[in-house]
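Sharing a structure here in structure tokens format.
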Amino acid sequence: MAETMAHAVAHHAPPQGFIRKYVFSIDHKVIGIQYTTLSLVAAFVGMALSWAMRIHLAWPDMRLPILGWLSPNGAPGGLMTPEYYLSLMTMHGTIMAFFVLTAAPFAGFGNFMLPIQVGAADMAFPRLNMASFWVTFTGFLLACATFFIPDGPPLSGWTAYAPLSAVGSVAGPGQGWGQNLWGLSIALFCVASLLGSLNFIVTVLDLRTKGLKMSRLPLSTWAWFIDAWVSLLAFAVLLPTCLLLVLDRLGGTSFFIPGGLVFNDQLQPHSGGSPLLFQHLFWFFGHPEVYIIILPAFGLVSHIMPTFIGKPLVGGWKVITFSEIAVGTLSFVVWGHHMFVSGMSPYMAMVFSVPTLFITIPSVIAVLVWVFSLYGANIRFDTPMLYSLGFISLFITGGIGGFFLAQPSTDSYLHATSFVVGHFHFTMGLSAIFATFAGFYYWFPKMFGRMMNEKLGKLHFWLSFIGVYCVFITMQLTGMSGAVRRYSALVDDFMVPLIPAYRFMTIAALLLGAAQFIFLYNVIWSRFKGPKAPDNPWGATTLEWDTTSPPPFDNFGGRQLVVHHGPMEYDGDESLMQTSPEPSIAGT
Amino acid sequence: MAGKIFAAIVVLVTLATAYCVIAHVWWMPVDISVHGPKIDQQLEETMLVAGLLFVAGQVVLAAFVFLYGGAKNRPKQIPGGAKYLVLFAFLIVGAEILALSFVGSKAWGAVYFEAPDPNSLHIDVQAGQFAYYFRYPGPDGTFGALHPELINEGNQNFFGIDTDHDPDAKDDIVTAEMAIPVNKPILLTLHSKDVGHSFDVRELRVQQDFVPGLIIPIHFTATQTGRFEIVCTQLCGLGHYNMKAYLSVLSQADYDDWLKKQAAMQ
Amino acid sequence: MKAVAKIAAMVSALLVIAAGLLYSSRTVSAAAQGQITGTIKLDGQVPHQKPIDMSKDPSCAQTHTGAPATAENVVVGPNGGLANVVVYISQGLSGNESVASQPVKMEQKGCQYFPHVLAMNVGQHLTVLNDDKTAHNIHPEPKPGGGNIPWNKSQMEGSPAVDAVWSTPEVAIPVKCNIHPWMRAYIAVVKGPFGVSNESGSFKLDGLAAGTYTLTAWHETYGTQTQTVTIAAGKPVSVDFTFKAK
């Protein structure tokens, strides 16, 4: 008991009043829902941007009056300009990578579930937690604000390569205040991520309930814990990078701008900076970022699967967890593979190529664990499981592309083609989205106390799964012909024959997007009209299922939990809650 | 039922993908460089290795989902557990990776680790928003010095050379199209006047970024005559999609004529 | 008799025309306006204007299949007249000059600007059109801090006309298209009457009240020259400028 008393740091009284309860709440569950909602909104914004881009690529002469209304400068008469296309592309990448893929599976579900899964009443630092969300929210508002300034959003891509991003509006429309706001928005996002990671790490290390050894942690908690470390080290690099970029823009410094640059026949007053320095700093963050996005997805799928296959994963918690640790660690030494053709020393390319290829080994182990765990299983095809299976398939497809891009020789042909775009949409974009959907369908009953509609859920899955393959396998394969990415129109002689393929992708993308409204309808309908959820609808074993749906303010109604088992006590329809004092199920 | 549908979709996608790859529905254009076949070979070998892994991964996933969907048996683990999986990953995938790195480093080295031929034709390439310009040294074989403050595009001084005072610059030939003689080693020095750009000729299997502040040399030899597109693959601003130039690979005689004509137009 | 009748008819016709002209000039320039006309010459060797290679954008190159377009830094007519010189009043204006009401038009045709040099009033509307089968970006770059705000807008085939107004006099704002970096135009923004010389070098400024003015001629390559002119009420004045080739 003395041990549990020491853990009482996170206890705080239930908040009073609407504002403290639902807006500036320090309750991790409310914050988790806030993050998830923010991501959901951001995802629909990001998706709408991708529709506009895809329509423009397929039918460049089509007028979209809504765009003309939204941005009279960017789309005069509804006809999208090249700069507006690039702005939409930049914001699609920024919103999706940061405010959807980084936020939802980590900050969203992590906030809600991690303290419950470790048997704590809240995060270690509830106020910091509240600050994380509101800083993220402010960052998102700044990012959205770029759409409403006269110059429009920046056009330098989510990677914001200097000096295009650093010299200001001489480099083009959107490179004025749009890029400033972008830099500040991402800097805020970094601050929020640093605070959040710190909170996750301390909560896992300090607030675990009695008997919850690290070896008994749920696999989702493990993934968030590893992810928090990667996130802490990576965002700590992106934050100063953004600040230096903003200084170059507003403070007259030249961190990333060399001397002798001429824009519009005017010599620029900068000297001594290095564009390659920006690329190194960005990708030192940027590659771990890919794993910051995908590690929680690993965790979610590993956490969800045992419930629906009626047995633990092959190799227990260790094999999958050590793969994740290996992936997280190696992710810090592979960043140079984004820069094979950047002018970096060709010898360095070899140095970065080898760890990049070796990072496939832990990834392959994780995939083998998931696939071979299906062997001899009793698979139940509830929507969360379907999405987990979809995740595995997409991740395999995405991972395969990595073999080509990890080698400098083959990358020198495929670099900056739509092969790369297809590849990363599979590996980190859609894999992570599918895992997030799995988590959403899985935890919705716990978060809101209501079940989601299974029929709509399955329909959503089938349409999404087929739609994703139609769009992105086509995108990746057209890259073999050298189709260049980030082009707002297909004017090159060799790009013109690809127009039919681009039209096919556009139609598929619109259908894929339309399918997401089934999900939105399901969420809203189920939230208010769904059948009441029992405490443990899936027959799972971890602590979040050992309390009411939704959990009370302090998560367990004052109960002090004692954990006796690991998280994967399953045998067919039989399962054992982690807190059950009964002996382990034989054979696990 | 859901398991069978899932398996069917996965198998269909795998077959469709395999068809597109094997039938070369979208594929690399014919190679026209001396070093290119090494890259093509590496890409084809990678395709074989990665393609087999892709098909195997998807098919095994589909098979397990098909076989074990809703089975009401007592669940069992795969014999031997994770040991064999980890061994497979380390030995088979590890071996493939080592092989790819080893062979791949040769293909890469053939392009980047070898010094350019001393008899190469040297062409200076400048990228700027949103066009390429090329500079041939003229009869004196020497390039004039660059003075960025003299750049005046309205006056066709794209490089910022001082033709009035600099004797080296007087005979420099500046062109908007790049022509090279076939089978002659070419050395390019790439520099940018503003932001990052890229020099990408698919048929040459050459892609290299321009980095502002750096002069980056690349070299190659073209083996076929023809007209090809040089396109920008590094996001450089609003005209990125329209930033290109043509590369003409000519016979030596045609090249000499072309250069003469260009010199007359300076 | 016949001859006398002919002469009388011609004289009376001339008188009628002259009266008409007098009357019309009175109505147009109610405030008793004068006119400045003149010719601008280039003294010395005309610099070589390099041909423009538009191969970068085939849709541009196709519009110049005959003789290639050339740079337009110095355009000299057959009689030695220097074109594209902006002539305007730099001192002596009363401040009550009206703003030209018609919008001035700039066209992008064959991936060049027409006209290459144009002058307009502060507050007058500029209409930019794209007649090409490609996209242009219109990028005027006024001097920083001078009061005019730079902008940069793409105009694609089929995009609506771009409209702009300048708030401060500036001679001259360079305009360029980054997609076709050889494209260059100059917009001189002035108060009061202005003229731009044509290929024969002649120019005309209308609607000046009597008084003494400083007349400035600006050329993109040869800079500015000034002359002081005094205009008596209703009398046209002739002023010539000669620029020296470097």
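Letters are used for the chains, namely A, B and C, taken in the order the chains are written, and counting of residues starts over at 1 for each.
Heads up, the rule we're going with is that contacts are C-beta pairs under 8 Å (C-beta built on N, C-alpha and C of every residue); 3 or more make two chains touch, one makes a residue touch a chain.
All figures in this text were calculated on a predicted structure; none of them were measured in a lab.
Undergrad: If you tally the C-beta contacts, which comes out ahead, A-B or A-C?
TA: Answer to which pair has more contacts is A-B.
Undergrad: Measuring between Cα centroids, which chain is at the maximum distance from chain A?
TA: C
Undergrad: For chain B and chain C, what's the span in angstrom between their mean Cα positions?
TA: 48
Undergrad: Distance-wise, how many Å sit between the C-alpha centres of chain A and chain B, to the nearest whole number?
TA: Centre separation, chain A to chain B: 30 Å.
Undergrad: Taking each chain's centre as the mean of its CA atoms, how far is chain A from chain C in angstrom?
TA: So the centre of chain A lies 57 Å away from the centre of chain C.
Undergrad: Can you list every residue of chain A that touches 2 or more other chains, as numbers and ranges?
TA: 81-83, 172-173, 265, 489
Undergrad: Which residues of chain C are in contact with two or more other chains?
TA: 135, 137, 152, 154, 174, 176, 178
Undergrad: Two or more other chains in contact with one residue: find those residues in chain B.
TA: Correct list: 128-129, 153-154, 237-239, 242, 244.
Undergrad: If we count contacts the way the header does, which residues on chain B are in touch with chain C in the complex?
TA: Per the stated touch rule, the residues are 128-132, 153-156, 158, 175-177, 237-239, 242, 244-246, 265-266.
Undergrad: Going by the contact rule set out above, which residues of chain B touch chain A in the complex?
TA: 2-3, 5-6, 9-10, 13, 16-17, 20-21, 25-29, 38-39, 42-43, 46-47, 49-51, 53-54, 57-58, 60-61, 64-65, 68-78, 81-82, 85-86, 88-90, 93-94, 97, 100-101, 104-105, 107-108, 111-113, 128-129, 148-149, 151-154, 160, 193-196, 198, 200, 202, 205-214, 216, 229, 231-242, 244
Undergrad: Along chain C, where are the residues that touch chain A in the complex?
TA: 135, 137, 139, 141, 150-156, 158-160, 162, 174, 176, 178
Undergrad: Applying the document's contact rule, which stretches of chain A touch chain B when the two form their complex?
TA: Residues 81-83, 86, 155-157, 161, 163-164, 167, 171-173, 175, 257-263, 265, 267, 273-276, 309-312, 314-316, 319, 341-343, 346-347, 349-350, 353-354, 357-358, 360-362, 364-365, 367-369, 371-381, 386, 389, 392-393, 396-397, 400-401, 403-404, 407-410, 412-413, 415-417, 458, 462, 465-466, 469, 473, 477-494, 498, 501, 570-572 of chain A touch chain B in their complex.
Undergrad: Enumerate the contact residues on chain C facing chain B in the complex.
TA: 50-57, 71-73, 134-135, 137, 152, 154, 174, 176, 178-184, 220
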